[in-house]
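Structures follow.
Shared between the two complexes below is chain A, which has chain B as its partner in the first and chain C in the second.
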Partner chain A sequence: MPSRYTFQRRLPWLLLAPSVIVLLALILYPLGFALRNSFWFWNLQTSPVPLYHSGFDNYRMVFQVTPFAEALKNTLLLAGIGTFAQFWFGMGIALLLHTHLRGMGLMRALLIMPTTLAPVVAGFLFRYLLEPKGGLLPWLLEGVGFPVPPQGFLGNAGTALFSIGLVDTWQWTPFFAIVLYAGLLSISEEVLEAALVDGASAWRLFWSIALPLLRPIAAFLVMIRFMQLFNSFDLVYVLTSGGPGTASRTLSFNLYREGLVNYNIGLTAAMTWLVVIIVSVIINLYLFFIYRKREW
Partner chain B sequence: MSKQKLSRRDFLKVGGAAGAALASATPLGNLARVAAQSDQTINVLTVGDPWNLALQNVTDQFTEATGITVNIETLGYEALQARLINSFLTKSADADVIAVDQMWISQMADNGWIRSLDDFISMDSDAHFDDFLPECLYSLSTWRNKVWTLPIASYAQGVMYRTDLFEAAGLDPLPASVADAGDWTWEDYFGILEQINGMDLDGTSMYGTTVIGYQPVPVVHMYTGLSASYGTRWFTQFPEAPWDFTPTINSDANVAALHDWKRLYELSPPESINYLWFDAGTRYSQGDIGMFYHWTPYFYLINNEGYLTGTPSPVVDKTATAVLPTRGAGGDQVISLGGWSLGMPSTAANQEASWQFIKWATGSEAQKAMGEVNVKGHQFADFSRQSNYDDAGLKEIYPFLDTQLEMMKLGDGKVVRPPAPIYTSLEGVYGLQINQAMTGTVSPEQALETTQILFQNILSGNQMIPYLVESFDDTLENTKALQASLSGM
Partner chain C sequence: MRRMQTRQRLIVYALMALVMIFFLGPILWFILLAFRHPSEAYTLPPQLFFEPYLGNFSETFVDPGNNAPQLVSSVIVSTGATLLSLPFALAAAYALSRFAMRGKEFIMNWYISLLIAPPIVFVIPYFIVMSRIGWAGAYRAMIVTLQTLAIPFSVWLLKSFMDEVPLDLEEAAWVDGANRLAAFFRIIIPLALPGIIVTSMFTFVFSWNNVLFPLALSKQSTTTLPVGTISFFASTGVYWGHIAATAVVAMLPPMIIFLLLGRYVVRGLTFGAVKG
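Moving on to the complex of A and B:
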């Protein structure tokens, strides 16, 4: 019989065990199932069950029959530039909110509204706003002499992906702003006042005090949004369906096409694993550089 | 959704002794037999195409006649496909009757997901199976010499053009029948487009035409209408046996068609690269398009200013319809024939009631009733039966029916968009490459060369090259023979 000491030492593990087991099952089982399927030929258009072991054929097919490279490039562009833009726009708005100017209370309430919209709704809204014949945005831009592509922003290969990023930025910048504003509020007034007494400029105050103190929360925000943007599907589906051509294809849209339109389960599983590997590498590199001097 | 029904008590009151006589005599005997099973409900899963609106407006008639309550659930195209496949894989009885796109038949039939209707048809003279246009059955409903569904809405393709613009340009009316279309070619078509493109009509600068450019499915639907007419075939040999799925998509005929498709796009509004089916129809309805070709439902859909809006279009009395041109004068013509049919899942709980509904909804009377529905205008002329095309009342509502019938009779859904078991995958890459060529990212030659390679990879990867499963000589002649056999002729 274990001693009281041993029992007490094991008690936390025992209490945690059910949650850990459920969590592992929920994570590992689908991944394991996908890994197994990625080595089988299984296309629901031809058979309801896996037909035969196909080695690495599905992985080879990902590159041969789907626009994987274009989708990866677009996804990285969208996630990278989108996160960067949303972070800095959000930071600017957070700093404005922090100035306690008149009307900022109302601004805070209004700001969160785009974030509460479902992406599909935001997508439909902007599809109409960007409509080349009669859409509000092209009309306004043409009014101030900004060149609007004749095919419209969503129909032009050079602007389609940018337009998706724009809509996502419209929707998610307020989220950055609100969270960063909360972070700014948590910075001690004494620290800021001490710096001011030492003669720090506003710029110095931001770069050397506020930003480093916001770093943990900012790093987390950036990581979460990057991953969300990396998995962008709704806006792509509603706004451009990945087009024109492959100009706005993303990896998630590729997965949707292969899995839920072409029903190629084996190929989709292989693509899923490639995406998992790519995202894991990016996120772990990011965490390594952000937290290399900290324990987390 | 239709909820009205005859109660058993009411039915017995009205029917009384006549019921026994009815039960013994077909065709009404079938209705009586089903009515005797009143309190039945069937679930019908359909797609949000215009025919569905018409069907929902007349379903009460079925309920009144049979006592069977019909629950109709309508989904978008991809949602319907996903829902059906999920229910088939989990073997759940999700619906008793389903709407089936012609491209799904091979997959559903080969996997045993839907029941063949051969036995129901052959035992039920009330089906008037011989009345169906064989081209519609061939394109929409048959696979490996069995009938799996019955057509509820058949679409061919034809030309719509502005008569006032033609008059202003000094152009003759276009041929509305094949007999008058001896020298009506695509080159003539392009010549007219170039003449009318940019013309001013009552202060409106006109575009020659409009295309449907959205990828992958919409652009394939419209492009294949042109390319099949140019002689493009997807595979070395299909649907004639033995099947050889080695792709031939980069043929000279298809390269010429894609070059001309780009010409069409250059004569269209630039934003039409992002147009879905109804975007093109709506654009024409709004009055700045001179001529275009599309699926035949747009012969009547353009009467509304927007898609099913009910607001009359400004072009409603200024439009005529014409047959599709051929590549060379008097040359062979192949028209795209598509549409929807009703089928019965293998898991359907109420098979007899399901059959009664399929037979009724695809029957001549119900189709006529659908055609007469006037909600936001008349919204259904997608008939698959000869008797509906001969109906004087329907011709009065839809004066283009003769032209449409001629297009149907030249239709071949198995050549224009072959329902090979992995068609969806092929359509995905094909649509993408056509769209790429439209953007100018790649040349037509490069786009079709890439399509050829991708087709080869997909078909080989799916064990279709070489094709080791038994082929079937899937010709219109064999469908006609099947139709005669099941009709007891």
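Moving on to the complex of A and C:
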């Protein structure tokens, strides 16, 4: 029956349609809104509607009025170094778990706890720990003679961004650890045994066999985590509010400041599009170079 | 595998002990803070044993209890977002799991690109449109916009669970005269039920932990617990006792859910991409 055949062919698209339509509405509206308003002067504090057409002024202003270049640099540093640290730190823990000694199962279950926290809560944990007067970490570090900046690690321009990265690393290293551990488990014993019989060292086993086999998982994890770090907002908000000055401002926090604090909607719209373009470039470069072959 | 020597084992345990202290210590230290009298928040050297003080919890949740409504809001928003995403995600996941279609990979990538896009980009326009359509501060504003994360996540995770329901069973039902819809409800839904529950639990946790959407879209009476925690950073100074009490209450549901999820944690955190 041709009609039934046509229906069968269209059925998957009919099933996909509701979610795709809802999501498109939820994405295209804001993007269109931002595109239009990026060419208008509009500050919500002075007017409920856009005031006048301003050409590309907003795009220029993004660089002149806000520390956009600095925020971009901070964001890339945070995402790049953070992802790298979390991956290798997590890999080390995964290898420890993989020894299968007694108690590792329980430790693995408890290890994931930092990842379950809301990032704001993780932020509070460390604000308390890092408090310059009365915080546990500065007290411990001073005890062993480590120099602690007088404004604290979060109030010092040289250490603020690093501290945000440290907290994120604390929160997400367990995620890498347990997923990479699951990946190690999926490598067949036979492959490892065969290599051992051939006289491979543990070091060689890891670099030449385990790591290449983990590559698809690793590529996926790194992409997700890099982008989540790239979007960092909650931690920045709670730990430093982008400070001191603008030393630890990320792109997301920069957008938040201009949009929801200064209510500079036109300028925020222009910045939104700059960020959308940057993110698209990053994702596509990644998909092209690292992620090309994958079967769902 | 070769047996490890005692010395090697001791080294592994010592390293694991450091790892556990590093990752769990800050959480335990903060839970202790919630039970300390406010005057002792900064006592150094640290006191591990002290008279527990419950005032922080009673002041925030009972009398005057400003945070109790936020707890209710968190439950409403997270449950609402989870329930709303399910029908959309179930249909899409079924389509992606059961049909050969052109562009399937593109669609899967499209969903995930939403998960890794910066949410702040969407939130500011939402903030303006919600006040225009009269949804400003309403629960539905948060529940609907959270779908940008809830639906793509649930589609991915549900698909991975549906992939595991054998096609034979469904085909047997068709042979028995059931149409696709009946087979979906009689075969797929019951067999994928554990997966549906796991997916819902993850969506709940992600919605619960989300701060950006309620921060921009809620009003004082509808704001959620994590946002309420932030509001303690008032000009009057940081009141750590209250922050810790509310934050401890806010962190409990996700922790308990993750412990219940057990072996599904890996799969959920990777959107179903790694089975675990």
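Things to note:
By definition in this document, the second predicted complex is superposed on the first by the 262 of 296 C-alpha atoms of A that agree within 3 Å, B and C clash if a C-alpha of one lies under 4 Å from a C-alpha of the other, contacts with A are read in each partner's own complex, and residues count from 1 in each chain.
Note that in this section contacts are C-beta pairs under 8 Å (C-beta built on N, C-alpha and C of every residue); 3 or more make two chains touch, one makes a residue touch a chain.
Because the structure is a prediction, the values reported are computed rather than measured.
In the superposition on chain A, contact of A:Val65 is made with chain B only, not with chain C. Of the two partner chains, chain B is the only one that A:Gly155 touches; chain C does not reach it.
Look at A:Gln45: by the touch rule set out above, it reaches chain B but stays clear of chain C. By the touch criterion defined above, A:Leu260 lies against chain B and chain C together after alignment on the C-alpha atoms of chain A.
Looking at the superposition, the partner that touches the larger set of chain A residues, chain B or chain C, turns out to be C.
Of the two partner chains placed by the overlay, neither chain B nor chain C lies in contact with A:Leu229.
In the superposition on chain A, A:Leu214 makes contact with neither chain B nor chain C.
Of the two partner chains, both chain B and chain C are touched by A:Lys133. When both complexes are aligned on chain A by C-alpha atoms, chain A residues 44, 133, 260 touch chain B in the first and chain C in the second. Across the complex, chain C is touched by residues 11-13, 15-16, 18-20, 22-23, 26-27, 29-31, 33-34, 44, 93, 96, 99-101, 104, 107, 109-121, 124-126, 128-129, 131, 133-136, 139, 170, 173-175, 178-179, 182-183, 186, 189, 196, 217, 220-221, 223-224, 227-228, 230-231, 233-234, 237-238, 251-252, 255-256, 259-260, 265, 268, 272, 275-276, 279, 283, 287, 296 of chain A. Of all the residues in chain A, the ones that touch chain B in their complex are 41, 43-48, 51, 57, 61, 64-65, 67, 132-133, 149-152, 154-155, 157, 240-247, 257, 260-264.
The part of chain C that touches chain A in the complex is made up of residues 1-2, 4, 9, 12-13, 15-16, 19-20, 22-24, 26-27, 29-30, 33, 41-46, 87-89, 91-92, 94-96, 98-99, 101, 104-105, 107-109, 111, 113-129, 144-145, 147-148, 151-152, 155, 180, 205, 208-212, 215-216, 226-227, 229-230, 240, 243-244, 247, 250-251, 254-255, 257-259, 262, 265-266, 269-271, 273-276. Of all residues in chain B, those touching chain A in their complex are 78, 81-82, 85, 88-89, 107, 110-111, 213-215, 269-271, 273-274, 421-425, 428-429, 432, 435-436, 438-439, 441, 454, 457-458, 461-463.
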